[in-house]
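Once you scroll down, you'll see the structures, which are given as structure tokens.
In the two complexes that follow, chain A is the common piece, with chain B as its partner first and chain C second.
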Partner chain A sequence: MLKMKQLGKVFHTGEVSTHALREVDLHVKEGDFVSVTGPSGSGKTTFLNIAGLLEVASSGEFLLDGDNVNLLSDSQRSKMRNQKIGFIFQGFNLIPELNLFDNVDVPLRYRGFDAKERKRRIEQQLELVGLASRMKHLPSQLSGGQQQRVAIARALATSPRFLLADEPTGNLDSQMAQSVMALLEDINRQGTTIIMVTHDHGLAQRAKRQIFIKDGRVSELTAVEGLHSAGLERVTPLHTHGSADAARQLGV
Partner chain B sequence: MFELGPIFRALLRQKVGAVLIALQIALTLSIMVNAIFMMQNRSTLMARPSGLDEANLFYLSNTVFAQNYPHQAALEDDLRLIRSIPGVVDATQINAIPLSGGGWSMSLQKKAGEGEDGTGVAVYMVDEHGINTLGVELIQGENFQNTDIRWRAASAVDWPERTIISQAMAEALFPGNWQSALGQTVYINNNEPMQITGIIKTLQAPWNGWDGVERSMLVPYQLEGRNNRYMIRTEPGRRDELMPIVEKALAESDKNRIIRGVTSLEETRADSYRSHNALNRILLLVIVVLTLITAFGIVGLAMFSINRRKRQIGTRRALGATQLQVMRYFMLENLLITSLGVLIGVAAAIGLNIWLVSQFELKPLEPMLLLTGVVVLYLVGQLAVLYPARKAAAIAPATATRSV
Partner chain C sequence: MLAYYLRLALISIRQSPGLSLLMVLAIGLGIGAAMTTVTVNYLMSANPIPHKSEQLFYVQLDSWDPHQAANENGDPPDQLTYRDATALLAAKKAYRQVIQAQIGTVVEPEGKDSLPFQVSGRANSADFFAIFDVPFLYGGAWSETADSEQQHVVVLSQSLNERLFGGKDSVGQKVKMAGDYYQVVGVMANWQPRPRFYDVTTGAFNEVEELFVPFSLLAEPKLSRNGNTNCWKPSGEGYPAFLNSECVWTQMWVELRNDSEKQQYLDFLNAYVEEQKKLGRFARPLNNRLSDVMQWMENQQVVAEDASLMMVMSLMFLLVCLLNTIGLLLAKFLSKAPQIGLRQALGASRQHLFAQYLTEAGCIGLAGGLLGLLLAWLGLQGVTLLYGDSMKGLAELDWVMVLLAMGLALLSSLLAGLYPTWRACTVQPSQQLKSQ
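Right after this comes the complex of A and B.
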């Protein structure tokens, strides 16, 4: 479904070049739930941006459902985002001037659904996140957890096969975070592939796969059967350069 | 499909800036339309035909300073001399210059006697060369004969028996049947009869602001006096060449007078409408400045709005909006704001026009002008928002995940 081969991303500021991602090899299969952890500035957001077609890699190959996205135009990437990817942002990114109905409607309009179909999907998704009765409310009239649930409804409204979540619980208290995480797990169980960036190791461990990023290098951590609850993990390097860093980070 | 509903609802929640711009658009529309309306009125006034062969006419003043001067003989000599110059079509002495602002007016009435209704008319005293010199079109009756021409002393109060009037004057005297004016007797100075022996199509009075500017009459008079004016018509394209030649010929033929004020009729027209032209230019400047201010206002509001909504635009891009769809969003938003402005502006323009019409006796605003103003404002709005919309479209989708 999602394949990255030797993917790299370099940002140029004046004469300074910053390698945000280095030689990333990753294969995410249909139905996966992948958590991405790593220290601040490690390249998590850049990884998410590239995976979500928000940015283009500087080098390497990125295939999404077999299409090399590096070769797509901006417009084609927009359409692919709209059709295949749903986004959940740390800051919810709801449009403050629009009520919940109109917020969830945003990607559906870009998809070109007719009014009847849009209404059906909006109501269905708001029902799913338990906010159907508040669809005329503005985001500012909701709690943080409720806003994130609206963001999830918006992300799911286009029936994406692929959900990208950037610190979805970062702005929520632990109870709200658990609730949102449970919702994501439920969504994953229904077949949607999820990649979730998080700082919360507890939540990260609930994913089926765990990716660790440091200094732009990606490693995969595989939970050892029976040791999961003790928090002990074994590092399976996705890339040789990243494994040592990842292991040090976890104190293994 | 085009997000008009959500854009409208979003605007309702952020209405201050939008309403201010809409009011600016409304003000611009109402002023623009009425300014153009006033300009059109002035242009229409300025475009009225004088009836003269303006391009080939010039005139000059002849001021005699010698004592015991043979006025009649000198005048005849002068006109003979002018007419003999190659390139001159004809020449006549004339008491007033059309469009010059200074002239002679009288009143004609259909019945003799004091207290009878009279119609004001501009008086041009010319000889039998008057019609050909001025280039006016005789549409009924006949020109003066040489025998009709009388000398008029400076102190004279009587009038000749014949007159040729303009069609507008005939219409004013005989409403609805101007042709019947020919041969009729009208009265000047209450009781002096004059027979209308000819009707000319158009001859404007010296005063362009007079509502009877089309009403004029030719009288077969030649003036005896120290100050005379000669009107000279040249062959097409030779006016400028002949102006100094005629001036020099007259000056050299007689040293007892001064030839001065050699002026083309086109210069006189330009002088006559100078204030109208100046006002039109000022109004045009007002329109341009106001339109530019509105355009910059739209640009400013849009840029402010885009800077404030960078994250939101990035989010829209992340959710699948193409660059074109982002541009369309801002152009539609502007369209809605402009529509509100236009709606208020049309009402204000009509209101202002009603006031102008009542104050200055103008014709009402033409719907087509209002429609043109609306279209122009929509175009200005869309053009003004184009640059900010392009800037918005250029915002990277990754902005959605950044702290901005």
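Right after this comes the complex of A and C.
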């Protein structure tokens, strides 16, 4: 479903080149719930942006449902993003001047649904996140947790197969974070593939698969009985280079 | 999607009213200034008789001083001598022909309480009314016989008929002018060609005269002429000598229906001049002209140079206003970069974003256009106040100019919006989303 082969991303600033991602090999299957952890500046967000077609890789191959996205035009990527991917951000990223109904409406407009279908989907999604009664409210009239629920409703409105979440609980207190996480798990159970970047080790462990990124290199962590209870995992390298570094970081 | 973009544009405009107002003001001022001068130029350069402007020709003969041309360009004088005009009229070589000159006279109304008053008039041959398609309210033109017999007949303007006869059908009534009685044969309906092309030598934008009498009456000096008279040598003593002089003060128009008629008439003019040369006149090289209406308007520089200059300056002012608008739009759109990034993440293509933000620019432009129209109207009132009655009728916005103003405002704002929109759409969505 999502395949990255030897994927790399380099940012150039003047004469300085920064390798944000190096030789990433990853295969995410339909229905996966993948958490992505790693220290700040390790390349987590770059990884998520490339997965979400918001950035283009500098090297390697990225296949989404068999399509090499590096070869797609800007408008083709926009269309694919609209049809297949939903985004949830740490800062919610709701449009402040639009009410909840209109916020959820945004991706549906670009999808080209008619008014009746848009209304049906908006009401359905707001119902799902428990905010159907507040669809005429502005985001500023909601709590952080409620705003994130609206963002989830918006992400799901187009029925995407992928949900990409960039620290979705980062701005929430622990109770709201648990609530949002439970909602994501529920969404995943219904078949949506989720890739979630998080700093929260506890939430990361609730995902079906855990990816660790350090210095742009990706490793997969596999829970091992005994080690898990001690809060440790075994690192399964997803690439030929750098696995030792990642393992050393974890002390495994 | 247009309705959606319009809604987003209105929300965005309401969100930053100060900035939006500044942009509307900038476009409004530019459009207002541009439309004021463009309107004046447009009306000045309008074709006053479009359906036959290419069939009406102004006649010029070079009867001027053999040692010096009538003007710097070497063109013939812009009027004819009385003797040439009457000779050409008598020859009847054109489909229609008219000779004319402006006059001024005093009308003496009947009734004890009515005081005499001065009016501007025109002495012209009978074809004047047919050749220029003059509309009549009552009666009609006088006959050629009236011309040849110097009959005291008159055609009144609607306003003069209103003043003298209360607007009633006055055909057959008498009007006393300069001590003589003239019988009314017709009353014109309102007629005000702009420019007043049939005689631009006495002011292209003056009002149409209030009464018209046969040109042949000018053979006697009872009616005083008001127009320009230019002589390159002394006219001699007495009125008969003046009529027979080389002084030019008569205008002539002919109606020629096709190129063949035009060529034949030009040949006739050349033959006439060659004949006159044998009599010792027309010492200058053959230089006869037939100019159609628009050529004659251009020749006479009906669109004043200062009006053209003002228009160029106002268009430059519009450009400055647009540059300001570009700056303001840039500030506004770049402040929306995070939202643009978000919309891209949610599936908006650059085409979607371009359409959305150009719609907003267009809305601002249309609002600016409406303000510009109001300012243009005020500007035109100012022009009328400044230049007086000669600009009356030129200082009016017709529907063409209203459409032009709105179109110009829309086009200007879209052009002004292109760069800011492009800049806003080239931001990396990933950076914007992270920074939110």
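Simple rule for what comes next: the second predicted complex is superposed on the first by the 245 of 252 C-alpha atoms of A that agree within 3 Å, B and C clash if a C-alpha of one lies under 4 Å from a C-alpha of the other, contacts with A are read in each partner's own complex, and residues count from 1 in each chain.
In this text, a residue touches a chain if its C-beta (ideal position, glycine included) is under 8 Å from a C-beta of that chain, and two chains touch if they have at least 3 such contacts.
Quantities reported herein were computed from a predicted structural model and do not represent experimental measurements.
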Combined model on chain A: chain C and chain B, fit or clash: clash
Chain B or chain C, by number of chain A residues touched: B
First (chain B), second (chain C), both or neither touched by A:99: first
Partner chain(s) touched by A:55 [first = chain B, second = chain C, both, neither]: both
Partner chain(s) touched by A:71 [first = chain B, second = chain C, both, neither]: neither
Touched partner set for A:110, first chain B, second chain C, both or neither: both
Contacts of A:182 with chain B and chain C, given as first, second, both or neither: neither
Which of chain B and chain C A:82 touches, first, second, both or neither: both
Chain B and chain C contact sites that coincide on chain A, given as residue numbers: 45, 49, 52, 54-55, 74-75, 78-79, 81-83, 87, 89, 91, 93, 95, 97-98, 106-107, 109-111, 154, 158, 166
Chain C partner contacts - residues on chain A that touch it in the complex: 45-46, 49, 52, 54-55, 74-75, 78-79, 81-83, 87, 89, 91, 93, 95, 97-98, 106-107, 109-111, 154, 158, 166
Touch list for chain C against partner chain A, complex: 1, 4, 11-12, 15, 338-339, 342-352, 428-430, 433-434, 436
Chain B partner contacts - residues on chain A that touch it in the complex: 45, 48-49, 52-55, 74-75, 78-79, 81-83, 87, 89-91, 93, 95, 97-99, 102, 105-107, 109-112, 138, 154, 158, 166
For the chain B and chain A complex, residues of the former touching the latter: 1, 3, 5-6, 9-11, 13-14, 311-312, 315-325, 396-398, 400-402
